[in-house]
Amino acid sequence: MNKLISIIMTLVLGVVTLVTVPAYAEEKVVRIGFPGATTSRPQSGLGWGYVQAKHLFDEEFKKDGWTIDYNYIAAAGPGVNEGLANNSLDFGFHGDLPVLAARSNGLKIKALGAVRGGTSHLLVPTNSHIKTIKDLKGKRVGVSVGTWTHALLLKVLQDNGMTIKDLKVINTSGTAFETSLATGDIEAGFGSLSLIRRGVAREIWSTVGKHVRYQNTNTFVVREEFLRKHPDIVKRLVKVFVKGFYQASLNKNETLKFNTRTGTALADLIEENAGQSIKYLTSPKLDGQVTKQYKDSLALFKENGLIRRNFDPEAELYDRSYLDAALKELKLENHWPDYDSNGNPIKK
Amino acid sequence: MKIHVFFSRLLGLLIPLFLVASWHYLSVHEVVPTTLLPLPSVLFDTWWDMQKSGELLLNMKMSLLRVGGGFLVGASVGFLLGTVMGVWKPVELYLYPVFNFFRQVPVVAWIPFLLIWLGIGEWFKIVFISCGAIIPMALKTFEGIRGVPTSYLEVVRAFEYGKFRMFRTVILPSALPSILTGLRISLSEAWMLVIGAELVAAGEGIGNVMIIARRLFQTDVVLVGVVVIAVTGFIMDKLLDLLETRFLGWRRIQNVQ
Amino acid sequence: MSSIANLPAVIRNRYHGFISFLFLLGLWSAASHYNLFSREYLPTPVAVVTAFIRLLSSGQLCISLGSSLLRIIAGFFVGTSLGFVFGAAMGVSQTMEKLFAPLFNALRQVPVIGWIPLIIVWCGIAETSKITFIAIGAFFPILISTFEGIRSVSPSYVDVARVFEYSRFKLLSTIVLPGALPGIVSGIRLSMGTSWLLVVWAEINTRSAAGIGDLLTRSSEGKKADVAFVCIIVIGIVACLINELFGQLETRLSSWRKSYR
C-alpha cells in the first residue's frame, strides 16, 4: 500500500512541478505593458503615442526575429506592477504612485527614462452642487486606487488642507466610474475631458495649465532580471525610444495627431496640452523635475499610508546609464535641457 | 493513548510546518520574490500593524454588518419560502419548479442586474447577500418539512391538533436538524458573498482592504486578508455548530437511548 | 383536474411549473408594457429575445460561452485530478489522512472568492489565474467526496477480500473504488457546479478575454439590461444542464451499484 501511495505522490509532485514551473523557453519576445485605454482614462505620454503609432520598436527588432508584445493593462499602473511581478511583462510605464509603491514593496525594477504628459479633470455630475475642492468633504469620491490620479487627489487635497480621510473613497475606474457618476453613487472623481464633452460631468478643477507637479510623470521601467539577461536589448530599446521621442519633439501638431489613435479627439489633445512646449513633453530625461516630483510624492504617500517603506529612488530606482548612452550615440545630449522642479529649462 | 493522540496530532502539523519552513526559505533566499510571497514573519507584523491601527477592526465590522443584514433577511425569507412550500401542497406545485430553476442560477450572475438596479451602494451588497442566503435556507427547510415521517402526522391528526399547533409541535422540531443545516450553509454562503460583493463594488470592508492592497502592491496585506476571512468564516461556522448542538441535544440523547 | 390527468406524463408532471413560468412571463410583459420601470432597468421579453438572437447570430454568445467552458474544463481537470489523488490517498491511508487533513481543513476555510485578489497578484489576470481559481474551487468537493466515499466502503467487504487474499491493487480496483464511486461522482457534480459559478466570478474580477462573465459585466457597464438578462438566463440554463447531466450519471451509477449488490 505504501508503495502505491508513494508512486501516486511522486506523480502528483511531478504534475505540480510541471504546472507551476513553466518551461522557460528562450522566446525572443519583449513584453511591454502600459495602462490600457478606457473611455475615461486620461491620456498620457505623447512621445510614447508617437513611437507606437510609427511602429518604431517593431521595425528595429524585426530584423533579428524579436517581436514586441504590447499589453494594454485595463487595471492601469497597478496591473502593470502585477505583470512585472509575475513575469508576464518585461517593460512597463506608469505614473508616480504605481512605480513608487512597487519599488517600496520590493519589486525589482529600474526606471530607464521619463514619459511625460498626462492631464486629468476633477469631475462632478452636471447637476451637482459641488463647486470647489473644499466641498468634497464627506463626499463619495471615485478613485482608481493605486494610479497616478489617486496620487493627484492626495496632492490637491493637501493644497486645500484636507486629507483622503475627509472623503469616502470608492475604488472604481473606467466605465464603472462613469456609470457610478451618472447614478450618483459617486459624487466626484478624476476623469477625462470626454465625459465633459458628452455632458456626463462638469469639472471643478483640472491639471491643464497648472504647475507641472500635478501632471502625470510616468517612468519607463524594466524588470531587473530582464536587464541582467538582455542588456543589449534594453540598450537598443532605449535608443529607439529616445529616437522616437526626438522625432516627436520636432512638431507638436504632428505628434498630437498621432496621439489621436488612443481615442482622444485632436481638439481635446490640443486643449489639454496648450501652453506646454513639446520639447518638455517629450523629454525622456530623469531630471530635476522628475526627481523632485517623485521625492515629494514619496513623502506624501508615506504620510497617507500608501507606502510603508521609504527609500532613495536615486539608489534603488533610477538607472540613467542606458538613456545617457542612447543620447550620446544619437548626438542628442543637448537636444533636451534639464528641467527644474517648476518645469523650467535649466540654462547651462 | 494520550501519547498516541498527541503524536498523531503532531503528524498533522508536519506538512503545514514544512510548508511554512519552505515558504520562509524560499522568501529569504528570494527564489520566489518577496513581492509575491512575503515572509511569514512579515505577515504577522502586517497583521499586528493592521490590528493596532484599527483598520482591520473597522473593516471587519463593516463586512460583518453586511453579512448580518444580508443573512438575517435572506435566512428569514428562505425559511418562510421553504415553510410555505413544505406545508401547502398547492404552493409547492406552483412555486417549487420556479424556485428550482432560480436556485440553480449562480447568484453571481445577478450582479450586473443588481448593479443596474441598485448601484454600487450598501443596498446592492445587502440584497446580493440575501439572494445567496435565501436559497440554501429555503431548500433545507423545505426538505426538512418534507422529511417529517407521515406516521407522525397521522398520529397528530388522530389527536385533532390545529394546523398551527401541529406545525409548532411536530413539523418544526422534526425538521429542525435540516433547518439548522440550512442556516449554516446560508451563513457560509453569506460570508463568501460579502467578500465577492466587496471585490466588485466597495467602500469599506475586508474584501475592499484586499482590493486596495492589491492595487498598492501590498501582497502581505492581501495574504493577511485571506487568513482573516478564513478564520472568521471558521469561527462563524463553529458558533452555529454550538447552536446546533444546543438545540439538537435532545436528539442525541434520544439516539443514545 | 381530470383534464390534467389525461395529459401525457411528461406534461402532467410539469403542468404546474409551466403555469407559474407563464404567469411570471405575463407579469414581466405587463410590467414592461405599462412602463412600470424604465427600459434601462427592465427590458421587455421581446427585447431580451431580440438580444439573444442578435448575440447568437453575431457569434458573440457562442464565443463567450465557449471560452468560459474551455476555462472550466482546464480548471476542473486540474482541480479534480489533484483532489481525487489526495482524497484517495487520504482515504486509503490513515497516515496520509493525519498528514494532510489539517492542512486541507485550514485551506478549506477560505471562502473561494477570497482567493481572487491573491491569485491576481500571483498569476496576473490572464488565463492562468482564472484556471487556478477554478481549480481551487473544484479541488475541495472532490477531495472530500473521494475521501468520504472510500471511508464509507463497508469494512466487511474489505475483510472478505482479505480472506480471499486479494492483492492490494485488486482490492482497490474491485472493492474500494467501485464502492466509493457514487460518492466520487456526486463530488464531481458538485465540483462541476462550483466551477461554473466560479468561472463567472473569475471573469468578472479579471477581465482580459472573452467569456460569459465578461459579457455580463460589459452589459451592466453599458446599462444593457437586455444583454444582462440573456446572460443570466443562459448561465442558469447551463447550470441546470450541468446539474441534470451529472445527476443522471449519479443515479445511473448508484443504481448499478444496487444491482451489483
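Lettered A, B and C in written order, each chain numbered from 1.
The rule is simple: contacts are C-beta pairs under 8 Å (C-beta built on N, C-alpha and C of every residue); 3 or more make two chains touch, one makes a residue touch a chain.
Values in this document were obtained by computation on a predicted structure and should not be read as measured data.
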If every chain is a node and every touching pair an edge, decide which shape results: line, ring, star, complete or other.
-> complete
Ranking A-B and B-C by C-beta pairs in contact puts on top B-C
Intercentroid distance (Cα basis), subunit B paired with subunit A, Å | 40
Rounded Å distance, subunit B centre to subunit C centre (Cα mean) | 19
Two or more other chains are touched by the subunit C residues 120-122, 220, 223
Within subunit A, the set of residues that touch 2 or more other chains is 75, 82, 85-86, 176
Subunit B: positions in contact with at least two other chains | 36, 211, 214, 217, 219
Subunit C-touching residues of subunit A, taken from the complex the two chains share = 1-2, 4-5, 8-9, 11-12, 15-16, 19, 74-75, 79, 82-83, 85-86, 88, 174-176, 179
Using the touch rule from the top, collect the residues of subunit C that touch subunit A in their complex.
-> 78, 81-82, 85-86, 88-89, 92-93, 96, 120-126, 168-169, 172, 207-208, 220-223
Spell out the part of subunit C that touches subunit B in their complex, as residue ranges.
-> 14, 16-21, 24, 40-41, 95, 98-103, 106-107, 109-118, 120-122, 196-197, 200-201, 204-205, 213, 216-217, 219-220, 223, 225, 228-229, 231-232, 235-236, 239-240, 243
For the subunit B and subunit A complex, residues of the former touching the latter | 33-36, 119-121, 201-203, 208, 211-212, 214-219
Complex contact set, residues of subunit B against subunit C = 8, 11-16, 19, 36, 93-98, 100-102, 104-113, 115-117, 188, 191-193, 195-196, 199-200, 207, 210-211, 213-214, 217, 219, 222-223, 225-226, 229-231, 233-234
